[in-house]
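Note that subunit A is present in both complexes that follow, paired respectively with subunit B and with subunit C.
== the complex of A and B ==
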């Protein structure tokens, strides 16, 4: 099971089908929530998740594809685009320290 | 995993279809800005547009028949083999563009990646066999030869075949419209949409066919089959009034993002957590399509994203009634069916407990277990 200490997270990738719609929205939300942290939040298509990503965030409906493109990354999959508990938990863990695992 | 959280395991086929569709949509979507430029120029300056202007209208044909297919072929090539793939993809696309009477979107989606793939094979074969100092010479000429050769193949082989296939698909659509069967398309489109095949269907299939129709008839209903924001709006409204209490507060924001922002993905989870609601969006989608056909509505270009603003921007002059009526019909029908399926709020409190369980325990709902 992949896991990463919150201190080692430098880049979060939010992935969606085209990398242009829902991922952009969620990435900008995350960026606001993580303001002040030294963490880069970017959005990409799920077919081209970059190799330097530390954590990948994507909808559960696309998780199977994210696993193919980024098999060894910590993958956070969520159900709701607004206020999903998995995303909230990720933000809290980063802010308070701890281990993020998938 | 509870019944509210569809499992992500065992969806290999779905992921494969999504991935293939993602490639199709991935060639179109980065270029949507160019499509919008074309749509705006068309809507404004053609003889029947808002500000008819002969000089500006000269832009319409070259953009749709040459620029847009080449952008698609370029992007498709880049997906396969980087910048070199993009260049040969663009050159090869010229082959299908020249001599075709229709916008060669499908042809570009085939030949762009194909030419890039051939160059990739050639590069792999030649790389180890190239003497030091000759790399640039070899690279430039392999790209030139593959690109030029594929342009010839496109002109003589791929172009004519795609033209026949596009004509044939157009006939099928015309037949469906003529027999009032097009609303049945919603039975396929709406479920596929919430499985995240929305871009693949709209940009990979319906868009290219719609453009071919729009060039001939000035507008096409095909742009509206998948992108109608009505069914999703009706569903979200039903959730706002009658959904599980825990979910109600998030729906107004979702409605704004969906209907005004055009990000339809926002409503997919609401269907996925209560799969029977798929009936509501199917009914809404079909009602919308029926109204579009009865009123003869159509758009000049793909409304992307599927926001009401994008719809208004690509509606031809004088066509607003049918377009807005179809969106409204889809909203009302979807809302009515979804409300009924949600029991008009009865039992919402029982369901609060069930959804409450998934919402408060991220472990069960939202973390993908290692397969």
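== the complex of A and C ==
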């Protein structure tokens, strides 16, 4: 299982199928919640996750595809676009320090 | 977001008293509203339904945000959203959807609107106001209220 220390997270990618809808919404929420943390949050289609991503966040239904395109990344999957516990946990770990694992 | 694209919420793409026979019909109406303002080609609409079959675009609070597939970006002429309200509700794989926000995007023109939608959905009162809106101006006000304050720097 990939894992990363919260202080080594510089770029989070929110991946979705088209990079058009839900990922855009979640990325904007994350950006707001992580304001002041020196972490870049971007949204991209799941098949073009950039190599310098530290953490990939995607819907559970896309996790298998994300694992193929970014096999060595820490992958957080969620079910709810707004207020998912996995995403809340990621934000809290970044804010409080700790290890984020897939 | 470096570019200052015009806000892609055209009042002509807001329909507040629609009814649909089911999820696919509702999505088709969202697509037709995008087509009516010249944002997409007709082929885009089928890809919205295809996209929905892979993963639901239900985002909570009675709202779904149907959009096309990555391959369908070719069929998008400009960034736009449509808002179609179904007062009687539509069964969305077990969830009840009252407001459908159709999305067509080539670039980032819709990002601020979706960020604002996320804000609305986090506030139950605002989400209720969106579900119950009967005036186009009210929908425009809700979706654009904080846009000037949005910080989308990446």
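Keep this in mind: the second predicted complex is superposed on the first by the 102 of 102 C-alpha atoms of A that agree within 3 Å, B and C clash if a C-alpha of one lies under 4 Å from a C-alpha of the other, contacts with A are read in each partner's own complex, and residues count from 1 in each chain.
Methods note: a residue touches a chain if its C-beta (ideal position, glycine included) is under 8 Å from a C-beta of that chain, and two chains touch if they have at least 3 such contacts.
None of these values were measured; they are calculated from a predicted model.
After superposition on subunit A, the partners subunit B and subunit C collide with one another. Contacts of A:61 after superposition on the shared chain: both subunit B and subunit C are touched. In the superposition on chain A, contact of A:42 is made with subunit C only, not with subunit B.
Residue by residue along subunit A, subunit B and subunit C are tallied for touches, and B comes out ahead.
Touch criterion met: A:83 reaches subunit B and subunit C at once.
In the superposition on chain A, contact is made by A:29 with subunit C only, not with subunit B. In the superposition on chain A, A:21 makes contact with both subunit B and subunit C.
In the three-chain superposition, subunit C clashes with subunit B only at 310-318, the remaining stretches of 130-138, 310-318 or 346-354 being clear. Counting contacts by the rule stated earlier, residues 17-18, 20-22, 25, 45, 47, 59, 61-62, 80-83 of subunit A appear in both its interface with subunit B and its interface with subunit C. Taken together, the subunit A residues at the contact with subunit C in this complex read 17-22, 24-26, 28-29, 31-32, 35, 40-42, 45, 47, 59, 61-62, 80-83. By the touch criterion stated above, subunit C contacts subunit A in their complex at residues 51, 54-55, 57, 59-61, 65-70, 72-73, 103, 105, 110-111, 114-115, 117-118, 121-122, 150-152, 154. Every residue of subunit A that touches subunit B in the complex is listed here, in rising order: 1-2, 16-18, 20-22, 25, 45-47, 59-65, 67-68, 75-89, 101-102.
On the subunit B side of its complex with subunit A, the touching residues are 5-6, 8, 11-12, 14-15, 18-19, 22-23, 25-26, 29-30, 32, 195-196, 198-200, 250, 253-254, 257, 261-263, 265-266, 268-269, 272-273, 305, 358-362, 365-368, 370-371.
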